[in-house]
Amino acid sequence: MSQSRDSSPGYEVADLSLAPAGRHQIRLAEHEMPGLMALRAEYGASRPLAGARIAGSLHMTVQTAVLIETLTALGAEVRWASCNIFSTQDEAAAAVVVGSGTPDDPQGVPVYAWKNETLPEYWWAASKIFDFTDGSGQPVAPTMILDDGGDATLLVHRGVEFEAAGAVPPAPREGDADYSEEYTVVLDTLRADLERDPQRWTRIAEGIRGVSEETTTGVHRLYQLASRGQLLFSAINVNDAVTKSKFDNRYGIRHSLPDGINRATDVLIGGKVAVVCGYGDVGKGAAEALRGQGARVIVTEIDPICALQAAMDGYQVATLDDVAGVGDIFITTTGNKDVILARHMEAMKDKAIVGNIGHFDNEIDMAGLARIPGIERVEIKPQVHEWVFPDASENADTTATEGGERRSIIVLSEGRLLNLGNATGHPSFVMSASFTNQVLAQIELYTAEPEETPAVHVLPKALDEKVARLHLDALGAELTELSKDQAEYLDVDVAGPYKPDHYRY
Amino acid sequence: MSQSRDSSPGYEVADLSLAPAGRHQIRLAEHEMPGLMALRAEYGASRPLAGARIAGSLHMTVQTAVLIETLTALGAEVRWASCNIFSTQDEAAAAVVVGSGTPDDPQGVPVYAWKNETLPEYWWAASKIFDFTDGSGQPVAPTMILDDGGDATLLVHRGVEFEAAGAVPPAPREGDADYSEEYTVVLDTLRADLERDPQRWTRIAEGIRGVSEETTTGVHRLYQLASRGQLLFSAINVNDAVTKSKFDNRYGIRHSLPDGINRATDVLIGGKVAVVCGYGDVGKGAAEALRGQGARVIVTEIDPICALQAAMDGYQVATLDDVAGVGDIFITTTGNKDVILARHMEAMKDKAIVGNIGHFDNEIDMAGLARIPGIERVEIKPQVHEWVFPDASENADTTATEGGERRSIIVLSEGRLLNLGNATGHPSFVMSASFTNQVLAQIELYTAEPEETPAVHVLPKALDEKVARLHLDALGAELTELSKDQAEYLDVDVAGPYKPDHYRY
Amino acid sequence: MSQSRDSSPGYEVADLSLAPAGRHQIRLAEHEMPGLMALRAEYGASRPLAGARIAGSLHMTVQTAVLIETLTALGAEVRWASCNIFSTQDEAAAAVVVGSGTPDDPQGVPVYAWKNETLPEYWWAASKIFDFTDGSGQPVAPTMILDDGGDATLLVHRGVEFEAAGAVPPAPREGDADYSEEYTVVLDTLRADLERDPQRWTRIAEGIRGVSEETTTGVHRLYQLASRGQLLFSAINVNDAVTKSKFDNRYGIRHSLPDGINRATDVLIGGKVAVVCGYGDVGKGAAEALRGQGARVIVTEIDPICALQAAMDGYQVATLDDVAGVGDIFITTTGNKDVILARHMEAMKDKAIVGNIGHFDNEIDMAGLARIPGIERVEIKPQVHEWVFPDASENADTTATEGGERRSIIVLSEGRLLNLGNATGHPSFVMSASFTNQVLAQIELYTAEPEETPAVHVLPKALDEKVARLHLDALGAELTELSKDQAEYLDVDVAGPYKPDHYRY
Amino acid sequence: MSQSRDSSPGYEVADLSLAPAGRHQIRLAEHEMPGLMALRAEYGASRPLAGARIAGSLHMTVQTAVLIETLTALGAEVRWASCNIFSTQDEAAAAVVVGSGTPDDPQGVPVYAWKNETLPEYWWAASKIFDFTDGSGQPVAPTMILDDGGDATLLVHRGVEFEAAGAVPPAPREGDADYSEEYTVVLDTLRADLERDPQRWTRIAEGIRGVSEETTTGVHRLYQLASRGQLLFSAINVNDAVTKSKFDNRYGIRHSLPDGINRATDVLIGGKVAVVCGYGDVGKGAAEALRGQGARVIVTEIDPICALQAAMDGYQVATLDDVAGVGDIFITTTGNKDVILARHMEAMKDKAIVGNIGHFDNEIDMAGLARIPGIERVEIKPQVHEWVFPDASENADTTATEGGERRSIIVLSEGRLLNLGNATGHPSFVMSASFTNQVLAQIELYTAEPEETPAVHVLPKALDEKVARLHLDALGAELTELSKDQAEYLDVDVAGPYKPDHYRY
């Protein structure tokens, strides 16, 4: 680990002196996170998480700081890492380590996160969040995981698997079909763990009551594990709470996509042709934001229902092969891999902008791009790179622009999430909705009876409605109350829930 | 029944001479109903509905004519009534009776529907659709109901209930809490049936394999019946297919709400304050349409999640009590009753427009309005009425306008669905999505094994996606295909379905 | 003239018995025309138009009835014709003839207009509006023209020209480059006038103080006349008042374009590709309306500034040759001729909808369409025609659809203004803004000193702002007042006008 | 002047070592400024500005660097200062000083600008841009001013006035009605000039052929000077070119307003109530941007026409006094002073955000805010300040929030232009439109005959259309060409201009 960071056995962050600046931002964020603040007011006295130990893996931002301090205010002990190598806001990490100085949080929380981690550093940190100790300093397992993307959950499941097998398998080699630089690092991390303590992950898994998971991708992995009977503990699918999926995915992206593009490039979005790959909730928010800025949006989709929605919302639906040469801005929102391939990028106009706001960096085939012979990568500024195609005279006559310069495209955040890499992620209000769900999920996991066969659950609709209710006041919205007579007519309770579980909003 | 209509034992419609005009419109509608036409192409030879007898209760419009003729092209025998006293397009009814003259439909279909039925006529017609006969002219039960709003299903269930009890109970009297003019007519209808044949409905119910239901309200009743163990046959909830609920409810309303207001009033929507009661799918489509015409939209909601969605979409969320005096246009979209009360209408501005596009006419308290002492109802044109409040000098000083005229409001379609009463209902393309689901549901009901315990089902997602797929070509949308590798990464089949069942779109 | 109409020497309309229905609609329209009603309140006592004789040529609708009765309330004597053969609302014409029975309008106004006039009838009516008589029954010239499209003004100018020349020239023959069926009728009309009275138009022109003109096209003609020194009297360009051009052209079209398409075709606009030819104010309103209904809009433009605006508003800008085969709906908004040619229509998809909302019917080359060998015109309903292209097997293999039917397109209002032909024109509120400008212009013309050299003028900005002010209350808008200090800082008067004349809004 | 900056007699900027970074950004900006690059291609050989000396006062950003280097490529000698103390991008200033190394620009251009100037530094720099020398090092007057906001023009006019009077008058004192800190600095600057050279400004004014001015406010001052007969040289009103006013004011603000708010606060705009003061072009762009992000927008206006436009666009129009307590975000766009007063800010909700994107910092009464007894100003980060109202317990019970904290508001850029202070100003594409107009205006000024009586002119419409044309290609827009026949019908030239001068777009 680099020596230029602030580190101790209890934490590792960029610079503790940033803590006051972080504290200032946390105070402002609290105003925009009415759901979390309402939970502190409601549960601060009863402390339903007293005794809980939470291993958290979620972008270490100012908003997450408010989440962490809500968890501690409700009684939990917490350790934290970021779930993305670029997403840590260093001042937030520092402030969390230093603590708020309130009675609930006198000494802060151990955090292992800084902006621009290497992959080995990232997975080292992911492992550190499980290192709780009891009063006597002995290792003790966490009671819950709070996860975003599933990396912390992955580590436990793979760790247990390899410990059972007695060894970590060799990594696929470069050139193998399933080779991935990152997975090699995961295996190295687990191998080091296994050498130190061959029962580490097994012990940890036994102590965990459950995980609450934030993202589509992470939830998908959980359902896969459950369907294969491999899920080691209960899971709550926070991602599919309406107040998470529709708000975080749609409204959050609507906010942070143009923000990321603007900070990265300062290019006028109005009048441009923007190609949005995918029209799920994230794609819907992306398309709305770009149209709201005056772009002409073209959507690509594989799902006929979402494609029909895009058409009915007035967007052209086309294939990327057909429009790669038409767009000025390309945004992936799919959660799938290989969405924008090197051949698409080669076909793009000079200075086309390419970014990902879906989930993993494999939505854009960065590896394929880098493999184009003669291509050159120029850093314009951190997280903004110009990829200059080889000279037309040598390769093909399509890569030179009129002025004789070599044609290039601009890639944001190296293909990782651009709203985190190029901007500051979702705004506090959106995260308040997601995180209020997370806290309610953690309380559910901690207070519910353990399941015989661990399964994946969504939050009860009543809690989902509660999250919404906690945010309406802040927007000046006045809710109408059902009369008893109307409630009977609808066959619902006056206090809700108001819709059947299959309702789509 | 009136003598001025064209009637025979086999049908009763307004005027058979309208058939050629209806046939012309049907031909144009077929172009806008690519889903149904694709089903005819796919199943016209195999005729999966051969032998089926379908009792249909659904607005007898031009689009429904295309549905009926698709059902017959797939082999079914069909009888039809409208599910709304105002919604029949007489030329469509006539054309269906006369038939298309194609091999599948040489002699047409019995229809009992005309524009502007009385309540007794309406329920008489609802009963007539069950009167199938076999080759020898003997009564035979239908095999399926195709329902919209649940009136046909209600008739069977109540009929069976009363036949079991041996008598139809007396109707609640005017003044009783549960009094309803319409329910009195239902009871009268069933009483007449019972007198003629005390086992009519029991026999009919025994023959029915299932019902496919089109609307939120009808589906809700089905779930109620099922939860009480009273459901007599299987039910398919067509309403909650994505290609129905999101398309019919949202995009259809976006189209037909301003169309209805325009045809009824010719009032500029731009610049006006429109109050939309409810922000479900119907409310979302209504709000989008009104904003798209330049209105300022205020939303009322009882569900905090939908309220939060409205706020995030940029609408003011308020209670009707607070904004009754602010709006120029009021639209109910809730499916609930007593949404706009007489006291709200009394508080409205002069010439405020009030209409319902939700489901039943009890969303607006028309009865309460009519009970205001001294109020006067003036017909401006059919389905558009001015309700003139009593003179200010006698009652209160708020009812006179500046010019000394008495203050009034404009009520559309007497509180019933304004898009049907004041316009021509949903456009063909939207109905194509709904009706393609209906046909697939009827095939499912007819070909599936009977259930031991009848339950309510939604259509399998694969069929939902199929409906979408059948409509994309017509919009020029180009769908992207998953690679095998991507499908594996997502853990789905290349051909779909692509989303988990809980996905909300 | 047909004998089936109600006619007398003082008027000719379809059916006087429609008057009560028209009166009812006029009363409702008055509520939506706050500008005109405010003028009646302000000027009803002083009657600034007492002694004026106004020859009006403007669509004879319910809204125009409110205009006419405002002019009479301000003291004027009025005669009226419609400026479009399809645009008369017969009940409005009847109500105006019968009169409102108020002190200002005891006996009504002579009107020569009915829905669906022939061209000879139209120009006969245009000539009749100049036939004022004095108390003794002697002919007397009007003092002003109130014109829409310039036909009344054209008649006077050509009449004077031919009277000076002593003869009406022969019409160009069919086949000549400048042949036009309508111009032949104009010449016939003037020839008949000249035969009866060789100084009719010269006398009329001498009495006219000026004309106020409503439309882009009419105004353009006036500027042409002025620039050639041929303008016979002063002209006020009402069209370019902001409260006319931006409101009538943009907001009115936003309302009435989808209304016309809906009433004509009932086709879902959502999801369709709509091609809007022209992106002036009319095109801007058209594009906004279609997008607001979920269409994907493509714009064609000849003006680079308007084209850039369209691009910045997020619309694709393309040429019609490139997108004729892509669109589902085509709307002309240009005021130019030959915008959609027969070759474009031949290239369109089956059942493409073609309509004009610009000005004259020559925006769409209807004559060229009719000349395609073997083409067939089928009336779907009045003002909606299907043009069926000749059978593919005989001509080309592009005209047959999949089902083997012949390919066709739908043309609205025979290429004339679809919002008038297929709907009811602009809504009252929009017309209130235009017509309030018209009334103020008529007062200006009547009270100003005659000009030595007649010129074309726009209304003073203070009057434009006054028109706006008279409409704000009705929308619940609260205007902020400048402080004296702020007004000085801006170097304007506290009461306005607030902007320089070149300001574009 | 501070010693920490890079300075020489020929320039003064923050840090010359930033030049390579600036050059990189300039290269990217050139791709987004197709109008300027097209001018270089068109005029690079003929060099129509050879011999011209241009004193430029305009935000010293990357885009301005492309403008400067276009002017030099066309032959001009240029000196530059920023027109705002916060708006300089230091790397752009450095790159301009160092020069591009191309034949046209071997040694760069003298620039006097850095981010965060003091007022005395600002006005010192404004004076330095006039210090051209001839080949022998003798002072020589510039031939043109290129101005933004009118400060350079003001300096010349006041300088000449005071030189004629023989002395600079004393500044108004603090407390005087017309006191302004900035004006005191202006007088000090001119006093120092006058002491060094009593004919400096008179000589400079004599050499100037004209000024091209960028902004509403600057143009307004020019019209005032002209109307008083005090304008010393010709002026071209670039602001009112359509391709400037509609693009820069509207589309630029649409882009940079949310960008500025986001970078300053990271607050979710969606769901919030945003109050936009003013609905001119800037206000229209602001409202569109905020609505596009899901805010509910309320507009305040003093002009009834703009107010009516706002209402017709679906916005609530209210007075600030009525909605000060309702909004979450307040944006001034008026160009007027005292728009948001201290009493409004006192009435705002906790953490309300207040910013100005109009012109001068006096739109928000910052001085009045600072005068509230007990108020505290906390810097959150540069250009973002929290103003904490005095403790409720001492003053009033409205200033404390629920949590007991003192209520505060967030003010952006200390009331100066937030898109410059908190973001990077307009994006390159928008500035390309403005600056292409500027270059064409400078060519007009340099090549036209001097006027006897200097006046203010707008650019000929043909040049305005040319600017649009030069930007269409980059957006993939395909322009339709008029046929000769159509052009004659419209009475315009095939090549344009296409619209009358009064046309509003």
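Going by the order they are written in, the chains are A, B, C and D; count residues from 1 in each one.
Please note the rule applied: a residue touches a chain if its C-beta (ideal position, glycine included) is under 8 Å from a C-beta of that chain, and two chains touch if they have at least 3 such contacts.
From a predicted model like this one, the values you see are computed outputs, not experimental measurements.
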| item | value |
| --- | --- |
| Partner chains shared by subunit B and subunit C (touch criterion as defined above) | A, D |
| Chain pair with the higher count of C-beta pairs in contact (A-B, B-D) | A-B |
| Fitted rotation between subunit A and its twin subunit C in degrees, CA, nearest 5 | 180 |
| Distance between the centres, which are taken as Cα means, of subunit D and subunit B, whole angstrom | 57 |
| For subunit A paired with subunit B, centre-to-centre distance based on mean C-alpha positions, whole Å | 42 |
| Subunit A, residues touching no fewer than two other chains | 251, 270-271, 291, 294, 308, 311-312, 316, 475 |
| Subunit C - residues contacting subunit A, complex | 270-271, 291, 294-297, 308, 311-316 |
| Subunit A partner contacts - residues on subunit B that touch it in the complex | 220, 223-224, 240, 242-243, 245-247, 251, 281, 300-312, 316-320, 322, 335-338, 458, 464-466, 468-469, 471-472, 475, 477-483, 485-486, 489-491, 496, 498-502, 504-505 |
| Subunit D residues within the subunit A interface of the complex | 24-25, 28, 31-32, 37, 251-252, 254-255, 258-259, 262-263, 265-273, 288-289, 291-294, 326, 350-351, 380, 386, 403, 423-424, 427-430, 475-476 |
